[in-house]
Amino acid sequence: MRLQASCDMNLIADADCPTVGMLRPSSGAAQWLVSESCYFDPPVPTTEYVDMFGNLCQRFVVPQGRMRIRVDVVMDTEAVIAVEPDAPATPIEQVPDAALQFLLQSRYCPSDRMEDRARAIVAGVAPGYAQVEAIRAWIHGNLSYRYGVSDAATDALDTLASGAGVCRDFAHVGLSLCRALKIPARMVVGYLYQLDPMDMHAWFEAFVGGRWYTFDATQAAPRGGRIVVAYGRDAADVAFLSNYGPLNTERLKVQVELHTNAVPEPLPD
Amino acid sequence: MRLQASCDMNLIADADCPTVGMLRPSSGAAQWLVSESCYFDPPVPTTEYVDMFGNLCQRFVVPQGRMRIRVDVVMDTEAVIAVEPDAPATPIEQVPDAALQFLLQSRYCPSDRMEDRARAIVAGVAPGYAQVEAIRAWIHGNLSYRYGVSDAATDALDTLASGAGVCRDFAHVGLSLCRALKIPARMVVGYLYQLDPMDMHAWFEAFVGGRWYTFDATQAAPRGGRIVVAYGRDAADVAFLSNYGPLNTERLKVQVELHTNAVPEPLPD
Amino acid sequence: MRLQASCDMNLIADADCPTVGMLRPSSGAAQWLVSESCYFDPPVPTTEYVDMFGNLCQRFVVPQGRMRIRVDVVMDTEAVIAVEPDAPATPIEQVPDAALQFLLQSRYCPSDRMEDRARAIVAGVAPGYAQVEAIRAWIHGNLSYRYGVSDAATDALDTLASGAGVCRDFAHVGLSLCRALKIPARMVVGYLYQLDPMDMHAWFEAFVGGRWYTFDATQAAPRGGRIVVAYGRDAADVAFLSNYGPLNTERLKVQVELHTNAVPEPLPD
Amino acid sequence: MRLQASCDMNLIADADCPTVGMLRPSSGAAQWLVSESCYFDPPVPTTEYVDMFGNLCQRFVVPQGRMRIRVDVVMDTEAVIAVEPDAPATPIEQVPDAALQFLLQSRYCPSDRMEDRARAIVAGVAPGYAQVEAIRAWIHGNLSYRYGVSDAATDALDTLASGAGVCRDFAHVGLSLCRALKIPARMVVGYLYQLDPMDMHAWFEAFVGGRWYTFDATQAAPRGGRIVVAYGRDAADVAFLSNYGPLNTERLKVQVELHTNAVPEPLPD
């Protein structure tokens, strides 16, 4: 399916604020970028680099005062995501080199302290996709989706303790429980079609049966229509904006719609 | 300056034709990508990778019959390129690791056979920028810009022998003469504002005075307004389309204009 | 100075144990690898990859039973490390792309929760090298070096609370306090000449004054004679051995000595 | 099989000569590096980088006068190389991204001008491994191995014209003919056990049947016992020493032997 997503935000900086953005998606395993734009108002000098996860990162200084950022993207993506209940665990020896890092504990995913919890949740479930799905369903059934419970310091243990959180927290719990079982798992941030209420979103992927599968503990059932903006170990790696100074988001508006599929007219001779 | 460039082409394939494109520019040292799109008609499954020069490469199969490709880009780029007649040669020991490969001979740039010629052209000229400019000026003054003299097999020695060629050939001669003098030089393909007649273009960069400078032997004087699409050692690395089957370009139309600088309207609440 | 370092260990696995090692140093910014070897007994099939920090990683399966690993290295390294009390802070805008990740919070370095503590320690100290040195000296003066207080779950907050730890814990505290002040800081593991008692070691580097400087909170004063084996955000990234199964280290013996500088005899004609 | 290879050379420089070496092999697809050393006499400051093919490259300045370089390596490698006469051609669409560059023409392999010759040699032979073997056998049967016919400027067309060359020339012809048939092919330099006369060696690999296979047109039959030092498109990419000043090799001695498999004694407690 071809989706058109937009993100429009107004920022306020009390002083010039060096910032790193992860605003721009690129083509990837399950998506093809048709069109993309990123407007800054006022325009500011910006450079871009690719981080070690392959994400495009934008470096710029938000000038003192107000700034608007507008990102638009048209992406071909899967309408229906792969579901494979019988996919077996991938033995560690067969995990690709580049996926090994997603077995490690990280800031918001202290998986080294969650093995008992993970074992309890997947008790009696066959290793592989089914265990990850058991984790996802457990989170969906046992944690409450609620704003205001968590903040930028909340890790997966905190969320298990409070019993509530938002998409980012749900993803952290899923990532941690998978890694505790030696299943590589990575954080994903991006857009989800028909997310309600519409906003930027976070979910996770797990490596089983020789490939990455998508899991989203905030949803009742598997759903496609996803645009990946960035991958990482956890939220520390994939912040939409990392500001190194005082920066506030005054307004953030996200929109995801079906694209009309129209192709631009030919250039005149 | 903010430029809007478009490339529109019609292809004809006698049979399904596996193809690698280098159609999509990205942000880089001297340019910031504001907006970009790439439409295929009919749409075909496409994947993308980054080659070893950092170029975005698109892989797809042109289906038997007709196919249209339309690329649009809005880019912030330098209106005036850097000119530094006094920039000295960069000693080999100080050339960055990543630039060393641009000292090597390549398919269209047999620089190992052109040292005498290079020495003759720069006789009496101070090492560094001035030598590269002497080479550029020599090419501009001594070779004729003419279609039909060269083809896909023509290398820099052939062009020196024939005394004529197109932008690609001029670049190959410039690259070869620089490398023969142990000056790193790389091929660039992209768009040039107000190029006449308008088309995709090729030029080269040389590493002197500790950085890359732009040189274009097809022009009478240094000109900015350039959008880089790809870098490489020579034309073999930066083909707009590399087809592994019978593929003909029926029509290719290129347009480069000043952009209006308008920012999209805010999304409604 | 030319050092010869060796690490010899006996492992016991209750069952075949997939393992990732970071056993082999390579040449780098401040070291030149003269000679290196890595023997497994019994020999096991091993592959190697380079992780996203540039570390060489070895993948192999420790077979059920006993296994011995012996690593030897001869390295040219700095006898005296750079000390620059006046080096200023590097503004975030000037931090190299690749160093930005070392500003992020991580598993053992929850720097997002340590800004107040960091500010208190560096109160009145000029930004840059001097602040990092103030942090290093504070750790050295206020934390006790003691085995048995910490384990694989201990993070920098835990160490501050307990007031004691080992080299890895000291490094985590230093890393966290630097990052809390927006100073890029990275974990280092390797060898230190004349460390007492001799063992594998851990310290940290901070990016100030436009380059990386070495800091070691376990030592009373700056000391050279270091061989870097791996870099990372924290201990999660640079484990000497990451085992995905039951694996015990029965014996670990480390030796670091001055090398004789002898060059092998010429091959006979 | 475990091989021990050594290379010992004496260089003479008329003046300080910036040099890039590819002297040090690393672990790879078909080899595991057990031990390695690289001694310079006199010792000179050296840095190392990884080029875009993954080769380790050493940068140093050969000081005016004499310099000795001694490289030793112990490598586990395949005693018998894979031979698969029925391996089919890999369709271009299925060639891995990283292998696509090995379809391109290059300095010594003007494959774009050799399709007719290639088609004639493989007439009637099934696409895939069998065609590459037909090419290899044709070279072995139709070209003479002879020193003094070729030099650093000789490309594959020159070698076909002269009918003679050395291992490097044979490899260039093989690479060119494969690429002309749209078979990815890459240059390899390294050591070959029992090569006669013993020297550094060059051969090529072709990508068919979904993997790289080894081919050596200088040998009568497939032989293992190979240590890969570097990969590239052709000899321009994999020079043992690239000197940017006057440098002569006074003596070069190569030795390859079976290794005794002894493991160093344990360190004393």
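Per-chain numbering from 1; labels A, B, C and D assigned in written order.
Going forward, contacts are C-beta pairs under 8 Å (C-beta built on N, C-alpha and C of every residue); 3 or more make two chains touch, one makes a residue touch a chain.
Fair warning: this is a prediction, and the values are worked out from it, not measured in the lab.
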| item | value |
| --- | --- |
| Separation of chain C from chain D, taking each centre as the mean of its C-alpha atoms, in whole Å | 36 |
| CA centroid of chain A to CA centroid of chain C, Å | 31 |
| Set of chain D residues in contact with two or more other chains | none |
| Touch-based graph of the chains, sorted into line, ring, star, complete or other | ring |
| Pairs of chains satisfying the touch condition | A-B, A-C, B-D, C-D |
| Chain A residues touching chain B - in the complex, by the definition given at the top | 6, 8, 26-28, 32-39, 41, 43, 45-48, 50, 68, 70, 72, 74, 76, 253-255, 261, 263-264, 266-269 |
| Contact set on chain A toward chain C in their complex | 18, 20, 49, 51-53, 57, 59, 61, 91-93, 97, 100-101, 103-107, 109-110, 112-113, 152-153, 182, 236-237, 242, 244 |
